[in-house]
Every structure is written in structure tokens, then in C-alpha cells.
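Shared chain: chain A. Partners: chain B in the first complex, chain C in the second.
This part shows the complex of A and B:
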């Protein structure tokens, strides 16, 4: 286990270094952020002084060295636009993103697991048809379209839910559904497939033969089987939710990391883009590592050596 | 220099002239306003975007203010005089005004505003370094000494010089001040949640009697235009700005909302270069430039791409700007005349040229560039388009290797065309691409003429010159659309999308 962890950590470090170099170079390919920051009337002299003040006129190698030295010491730099500490800005926005990501994941589990198990157990029922339909819809409906549809229906037409912002638990509902719908679709299909596979296996038949009821079978035998792949997929999806909710956060004016990254990209705020990307990558790697460990705990067949 | 006559502005302050009738009424109610982006900073010298300035100005005052009619009126200065050479502005300051933290406003505040404003990390540092010295005559009198005469100096003061409290800003620094701004304005800062909201509340000790009328103002950051529309329809917010014409059109029959539209003081144009990579190109020929003006189907662009919600323009001085000459009509679309002019200029078979296009910068800009390319092809001018992202487009002086034709826009927040004229047509300016001695002499004259009427007449001369010998193709001004809840009273946004909330109330 220890060797496995060490090797995984080394891989993670290499991955992190790769992301660091790539993002550093990519953001600089797009041009000069000072052009967007200063008023158009700003003089050449002010532009030069402003740029020098931000360290953007140093040679690229020196800029990278300074950046690397900062990162190694845990300093993610300062935003060009707001001149605030990037770490502080990320920490300010992280709770909103985590809240939405957990809510979306919870929503997808709450729908996918019970519905998937029931649909798997009763493959010719109406529920099974609903599950097929929902699973399919989750995979094909674009989240931006769903987001607009939800706002139009539940906010504008019915007036039940707020269309934007992070004011109370109620305002969490629409972004959660919009964000979690696709994952729900994936988990639902997965659950149905797993249940379908195991429900006719020998040990299930034995369990039934011992007189265990359908709910007992589902709870004690099907669920543990379903959990293993679900945890693995959810780990991947969770990291996707952290970095991939840019659109949903922007549409619902949700003040999380995604909307911060969107603003940073629009403003060519290099240090902030770098900081968020690095942070999300680090977070994703950590979550993956934890998922793997957890996976090995719930599935004794997984051996690391 | 003969024109630098003695100009004395002596405007005595009459309190009643600016205040609302009805006496001192306690502020009541609240409104919620959408912001299309999270403001960069609430410290005015660092607030180059309109959104940030619109939030910040509710908390501050300058020495002078531009009222709804575009006139300069006293604010924290009750009167001012200008020296005969136009270099020294002496202000008499209002007494008894206090900042939100209790500090007294006096001459030291003006000094602190000037000192902190010119920090080179500020976006608007240039607007403060126009002043080379601030002399304190006594606690209520200061003289600002300019580096060079500047016709719109008072407008610049009104736009960027938000007065700051010296002790507080020294104590917390510029970053600290930006995080918790303190001014003398009608509203005071309560809280800010990054990316989400900014809350202000009435300054109950505000020096203008009867103002403000609202008790609380909440700004909510809503970047997506469809969400802004949904939020104003559901009544979650009271004012949604930067709507598209199509979206605003969906609100026409909504009784609870008013749709406001007005032309934005931003001109779109096709720029030409006669410097850098513009040297030796057909653009140096006046008839060619006139031909290009005739060749581009601007009414067609406005109709097809902007649903007729844009105004055609005849130059850089547009309706609402000082000295606008309505008698000069925009160039009509006349491809036949364009071909004739090209033949006369010695290009009967046209020519090939490159045109830059800032692909992500403006609404429908790619389609506009493509339309121009198609229109010019019809008169034999073969345009190759260079699409670039805005950061790359604006990263080099004179647009670097872009062009020699390029599409761009330029706004003004001072009610005059001077900033864009200086920016685009004065040698030495960062984005200057066209050098013409007669033009730059006239612009120089405008920028140092402090008399408004004289300046207006110079603007008219300039428009004629820029029309007859066009350095650019002038395209259009876009309309701005906002939706306002019917309960909001006295909300009057201005052409630069700016607004002041001190007189706004709710039913």
C-alpha cells in the first residue's frame, strides 16, 4: 500500500509540474493583459511602468522562475486585475463551488441509485423505461440548455425558485439539477447495468433461496456491488464538477471558482488563471488518490503491490 | 497662445438648485441592480470598467460634477477660477462635509486624492499626473497646477478624482481602501461578497439636503444576459442592463417593466494606417479612403446584424457630444461612386489589403468584419481578414503588424469626442495610426481651448475636415438596452452607461 501511495504521489507530482508549465506558457500565448487592463487613452510610458510593476516585462524564463519559486513556497501570486492574493481569492470562492459540487453529486446519487436498482431488478417495468429515458437524457441534454429551461420554467413562469445567486438553500436547487443531471444520467446507466449483471448470479439466487426478501437482496447484496463502480466514477465526476462548472456557475451567477476562472480568462489575468488551474489540478489529484484508497477498502479484490 | 484668454469660471453655489423639493425626507426602500461583471476595484483610480465606476461613484464625490444636462456644476468645491494661461485651477471647498468615517473633508483630502491617484499601479494614474502640484492655500482653498492646459480637465476631475480621506487611506493603504472604501458620497459601503454582491446603504449625514432617497442599494453580479433578463422579469432585481435588442424586445408588453434605450457614446470604425505598415499603401490616397466609405453598406450592416438598433455616424463627434454638427450626413452606400473614385485614384482593378478584427471584443464584430470584406470585394478591393483575440489585438503600439486596416471602437465618458480624437489621431498616442498635420493641429487647439463655445466651433471644423478627407470609415454607435422595474423612479442612465443613484427612489 505504501509503495503504491509513493508511486502514485510521484506520478501526481509529475502531472502537476506538466500542468504548471503548460498553463504558464498557454496563457502567455494569447497576448498582453495590460492591453485589456488600462484605459485605451493610457500613455506608452504609463503602460511600460504598469507592465514593469507587474513583472510582465521580465524575460519569460525569469517570470517562470519567479512563479515556480513562489509556488514551491506556497505562494500562488497576486491577481493582475484586482491585485489581491490569489490564494485568498480561491479560498473565498471555494466553499460555493464545493457546496454546488457536493449537492450535484448528492442529487445524482439520490436519483440514480434507488431508481437504477429498482430498474435493474424489474427490467420490464415502467420504472425501467423511465430509467432508460432519464439515463439517456442525462447524457445527451446539454447543461446550458437545461439551465435556461429550468430558469424559464421554475423562475420566470412558475415563480417557485430564484433564477440566480447564492442566497439560501432554495437557490441551490436549480444549479444543482442543471449540474448534476449529466452525472445522474451516467450513474443511472451504470447502476442499471451492474444490477442487471449481478441479479441473476448464483449468490443472489442463493440469497433468495435462503428466504431473503427483495429489499433484503437489494440492500445486502446488490447495493454493495453497485457502490464499487459508483464510487470510482463519482471520484472522477467530482473533479470534473470542480473545474467543469464554469458555465453553470456563470449562468446562475453562482460565486464559485468556475465563475472566477471565467472572469480571469476574459481579463487575461495570467496569475489567477495559473493559480486556479493549479489548485483544481492539485485538488483533482488528491481526490483521485483518496478515491483509489477508498476503492481498495470497499473492494477487497483490489490489491496494490 | 493668443487663444489662452482669461477664463474665469465663477459659479456660486445655490443649495436649492441641486436638491429635490420636499425637504429632508428619511431615505426609504431598497433597489437591486445587476452588474454584468464583478467590479475590478472600488477605489476609483483603479476602476477603469464602467461597472466598477458605477458602483464606486455612489460612495464618492469629486470637486465638480456633471449633471444630467451635461453641465459642470459644483460638488465638493463651491466655486473655482482658472488662471489666464489655463494652468492653475483654484477651488473653494465646501465646509462642514464629513467622510463616512467621520473625517473632515478639507484641502488635505484633495492632496491625498492626488497623491494616491498617481500611484503607477493605478489604471487611471495618467489622469492624476496631469497635475504637477497641489498647493494648499488654506484648509478650504486649493490650487491644482497642471503640466499643460487641458480643455476637459474639469470633466476628468468629475470622472476620476473621487475624494478620499487622508488619515484612513494612509492607515489602510490602497488595497485596504479598495476593500472597504470610504467617501463623502450619498451611499456608504456596507459589504462585498466577491463575485456575488456589493451592499451600500444611505449616508444619513450626506451634505446635499433631502438626498439620498433610497435606504439601501444592492448590486448583484450576474454575468449572463439571459439570467439578468430572467431576474428582472421575476422581480428579483430592479434594473438589468446590457441587454441585447432581441431580449429587450421580449419585454415590450410587460407592464411591470420599462425598457430604456439610448445610443452608447462609443463609435465603431474601420481604422486606416499611414504609419508603420500603412506607409506606401493605397490608403494614403484620399480618393481611396472616400471610396471605401462609399463602398461599405453600413445601413445593411445595421439592419441585418443589429436589427436597426444602432445609429449610423458621420465622424468621431456624435450626437450628444459638444460641437456635434447634424448637417453632416453619414456617407451613403454607393458602390458605383466608390468604383469611380477608385478608378480616378489609379486603382481601376482595385487592390488587395489586410484588415484586423478583434474577434472576441464586441457584439457581432466578426460578422461586421465579414460584411465589410464582402462589400469591399464588390468594388474590387480584396480584403484578407486577420482575426485576433483582444489581448493580442491591443498589445502593441499602433496595433503592431495588424492591418493596415483594422476594426475598432472608442468610447468617451466626458460628453466630448476629445479622448478618442487624441487617442486615435494624435502622433505619439499609443493607438495612433493616422498622422495628418491639419488634424492634429486642430485637435491640439481643441484640447487647450477652455472656452466651451470656442471649443464647439473647433469641433465643427474638425468634423468637416474628417468627413472630406476621412482618415477612417465611420460605422455606427450601438444602442444600449436596460430593463427597469416600474417602481423605480428618477433613474436616468447616461450615454456612457453611467448612472447616479442619489435622486433615485422607489414607489
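This part shows the complex of A and C:
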């Protein structure tokens, strides 16, 4: 166990270092951030001064050293527009994004697991049909469009739910569904597939033969089988949610990292864009590490795999 | 408790996904969309970029205030939405097709080399692909497109490059599996060269899984392209694309809902067509077991 933990953590550390280098190089070698940040009519001197002010005309190695020293100390630079500390801005927005991402994950589990198990147990039922179509819809309906449809239906037509902001739990409902829908579809397909495979296995027949009811079979045998692969993919899905929150937070004016990133893009605020990219990726790598470790605890086979 | 046989029912359960009918419908839809893209200048009733301000903000023809000359209504500049939707297929399908082609080319060639020859090259390429995959995809493409600038070529380039690790992973693991099979050993012991083994024995076995992944990636790219457009980051705003239409529609969502609903519907229909075909291919091409 300890060996697995160490090697897995080392792997994550290497990834972190790699991401650090990759983002650094991308921002400096792909395109010219100075040209994007300054207006076209800026003079050559102005450009040079601006570049020097950001430290972008230092030798690349020195730039990397400064950048590394900053990141290690939790210094992610300052925003060009607001002159605020990037780290502070990110910390201020992080809770809203985490709240939304976890709500979306929870929503997708709460729909997909029970519906998927029932659909897998009764493959000819109406419920199974519904599950197939919901799973398919998750792949076909883009989240940003779903977000707008939900607003049109529940906020504009029915007036039941707010269409923007983060005031109460009620304002969490629509963004959660819009963000979690695609993942719910994936989980549903996965659950149905697992139950479909396990349903006719020998030990389920034995359990039935012992007189265990359908409910017992589902709870005692199907559910654990379903949870293991679901935990395995949830790390990847969390990464996806962090990305997808850019759309959803923009549509619902949700005050999280996604809408902060969108604002930074509109302002060509490169220090902030770079800081958010780094932070979100670090966070995703950490979550992936945690899910992998948790996964190895509930399914010891992976430690030796 | 009544005895229930655990054997498989004679009729395959409907859970296997959508079968032949779905493939047929999807294929037909996809052909229609390709037809729209190719024949756009002949099919579109108006120019997609010439607006008539006197005709702006018209709802679709079936709604109150709609006009029969503009079947799906017009946008804030008075541009005909049907014509813009028809031209929009060009951007989406081009990005999907060329983006996936580039990703397959890059990912499959490197995956083949890494899986077949192994060693340091494999270690290096695998580390690089893990690195790219650890960054949330949307964050990565947003960063890159902001740096590169908005153009069709850039969008295709960055989708192709940033999606190639997915194909790399698939091909590498498939090659590792196939390479260990007895018939490859037999071919080698009969004096087959690496090139011959790759060409004759490995490549044909990769086609199935590659095609399946490529269809799903294609619909994902169409989603992402429109999503970037929605954020104002895909092709330049003067080009009629579904994403650019969504970006405008979002601003007027409550007043003129059709401006956002229609392009989103077009994206969903395209994704539906591609996924139906992909699902059908998956069932047809799936290796036994």
C-alpha cells in the first residue's frame, strides 16, 4: 500500500512540474502576449517598457526561475486589469466553483446510480428505455445550450428558478443540472453496462437461490459492483467539470473560477489566465490523486495491477 | 420465491444501444448535413452575411410576427438565420473532420512507434501525453486559442494537437496488446521485417477502434468549437458559424430566444447524427469478447 501511495504521489508531482513548464513555455513561445494585451497603435517604446515591466525581456531561464520561485511561494503574479493579487482573486472565487462542481457530481450520481441499476435489472422496462435515451442525450446536448434552454423554461416561462447569481440554494439548481447533465449520461451508460454484465453471473444466481429478494440483490451485490468503476472515473470527470464550468458560470453569472477566466480572456489579462490555468490544473491533478488512492483502498487489486 | 432463469434472454436487450435503425437515421442525417455544407450557396435563400436592418429580429415564420420569407427568422443585423445555419455547417464539419484527421495522424503515428518499439521514446511520449491530458481540456484550448488568435486554421490546429494524446493512448495500448499475440511472433520468426509486420498485421487491426474513437471525438470537437465560439474565441465573428450565432443569441436570450435556440439545435442534431453512426460502428466493429 505504502509503495503504491509513494509511486502514485511521485507521479503526480512529476505531472505538476511538467504542467508548470508547459504552461510557462506556451505563454511565452506560442503567440505574443504583449501584442494581445496592448492596443495596436502602441508605440515601440511603450511596448518595450511594457515587456520589461512584466519581465518578459529577461533571458528565458531567468524568467523561469522567477516564475518558479513565485509559484512555490504561492505567488501567482498580479492581474493586469485590476492589479489585484491573482492568488487572492482565485481563492475568492474557488468556493463557488467547488460548490457547483460537487453539486453537479452529486446530481449525476443521484440520478445515474438508482436509474442505472433499475434499468440494468429490468432491461425490457420503460425505465430502461428512458435510461438509454437519457444516456444518449447526455452525449448529444451541449451544456451551454442546455443551460440556456433551462433558463428559458424555468426562469422565463415558468418563473420558478432564478437565471443568474448565487444567492441561495435555489440559484444552484439550474447551473447544477446544466453542468452535470453530460456526466450523468456517461455514468448512466456505465452503470447500466456494469449491471447488465453482472446480472447473470453465478454469484447473483446463488444469492437469488438463497432467497435474497430483488432489493437485497441490488443493494448487496449490484451497488458495490457499480460504485467501483464510478469512483474510478470520477477523478477524470471532476477535471471535466472544472473545464465545463467556464460555459456554465458564464451563462448563469456564477461568481466562480470559470467566469473569472472568461473575464480574464475578454480583457486579455495574461497573468491572470496563466494563474487560473495553473491553479485549476494543479487542483485537478490533486483530485485525481485522491480518487486514485481512494480507489485503491476500495479495490485492492489495482495496487498490484 | 419463483425461480428465474439467469440465462440470457433470446431477444437481445434494448440496452445494447441504438442498432441498425439508428445507424441508418444517423447516416442519413449526416449525409444531409454534408450536402448542406457543400451546396450551401445554392440552398441558402439569402446571403449569410448581408443583413437588412429593416428586417431585423424577426421570429421564425410560425410564430406571431414571423415572415414567410425568413423561415427561421433573422438576427439583430437582419441576417437570415436559415442561411446562416446552412453556412454554419461548413465551419462545424470542417473543424470536426480536419481536427480529427490531424489528431488521428499525430496520435496514431506516435502511438504506433511508442507501442511497437517501446523504450525511451515510449516513456517520453507517454509522459508528454499524460501531461497534456492532465490539463482540463477546455482550459487548455481556451489558453491556446487566446495565444494563437482566432482563425479557422488555428482552431483546427489546436484541436488536432490537443486531442492527439487520446488517440496516442488508444493506439499504444492496442499495439502493445496485438504485438504480444502469437501470430505476430510467427510472422517475425518467418523473417518478417518490422515494417511488414506493422503494415500487414498491426495497422489493419487498429482501424476498428480508431474509427470508433474518431467518430466520438468528432462530435466532441464540434461541441468544443461551438463552445469556443459561444465564448467569443473560435473563428472570427464575421464568419457565420453556430458558435458565433450562439454568442450573439446568448446576449438576447430573453428577448429573442430563437437566436440562441436554433444554432444550439443544429449542434445537437449534428452530434446526434455522428453519435448514432458511431454507436452503430461500435457494435459492428467491436472485436469479439
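The definition used in the following text is that the second predicted complex is superposed on the first by the 265 of 305 C-alpha atoms of A that agree within 3 Å, B and C clash if a C-alpha of one lies under 4 Å from a C-alpha of the other, contacts with A are read in each partner's own complex, and residues count from 1 in each chain.
Everything below uses one rule, namely that a contact is a pair of C-beta atoms (placed from the backbone, for glycine too) under 8 Å apart; a residue touches a chain by one contact, two chains touch by 3 or more.
Computed from a predicted model, the values in this text were never measured in an experiment.
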Which superposed partner A:140 touches (first chain B, second chain C, both, neither): second
Partner chain in contact with A:152 - chain B first, chain C second, else both or neither: both
In the superposition, chain B vs chain C on chain A residues touched: C
Touched partner set for A:250, first chain B, second chain C, both or neither: both
Touched partner set for A:41, first chain B, second chain C, both or neither: first
First (chain B), second (chain C), both or neither touched by A:263: first
Touched partner set for A:7, first chain B, second chain C, both or neither: neither
Chain C-contacting residues of chain A that also contact chain B: 30-31, 33, 36, 148, 151-152, 156, 250-251, 262, 266, 268
Chain B - residues contacting chain A, complex: 37-38, 40-41, 46, 48, 120-121, 123-126, 175, 178, 193-197, 220-224, 226-227, 230-231, 233-234, 236, 388-397, 410, 419, 422-423, 428-431
In the complex with chain C, residue positions of chain A that touch it: 14-15, 18-19, 22-23, 26-27, 30-31, 33, 36, 119-120, 123-124, 128-129, 131-132, 136, 139-142, 144-145, 148-149, 151-152, 156, 192-193, 196, 199-200, 204-205, 208, 211, 213, 239-240, 242-244, 246-247, 250-251, 261-262, 265-266, 268, 273-274, 276-277, 280-281, 284-285, 288
Complex contacts: residues of chain C adjacent to chain A: 1, 4, 6-9, 13-15, 17-18, 127, 130-132, 134-140, 142-144, 146-149, 216, 219, 223, 226-227, 230-233, 246, 249-250, 253-254, 257, 260-261, 264-265, 267-268, 271-272, 275
Of all residues in chain A, those that touch chain B in their complex: 30-44, 46-47, 49-50, 53, 81-84, 89, 92-93, 148, 151-152, 155-156, 159, 162-166, 250-253, 255-256, 259-260, 262-263, 266, 268
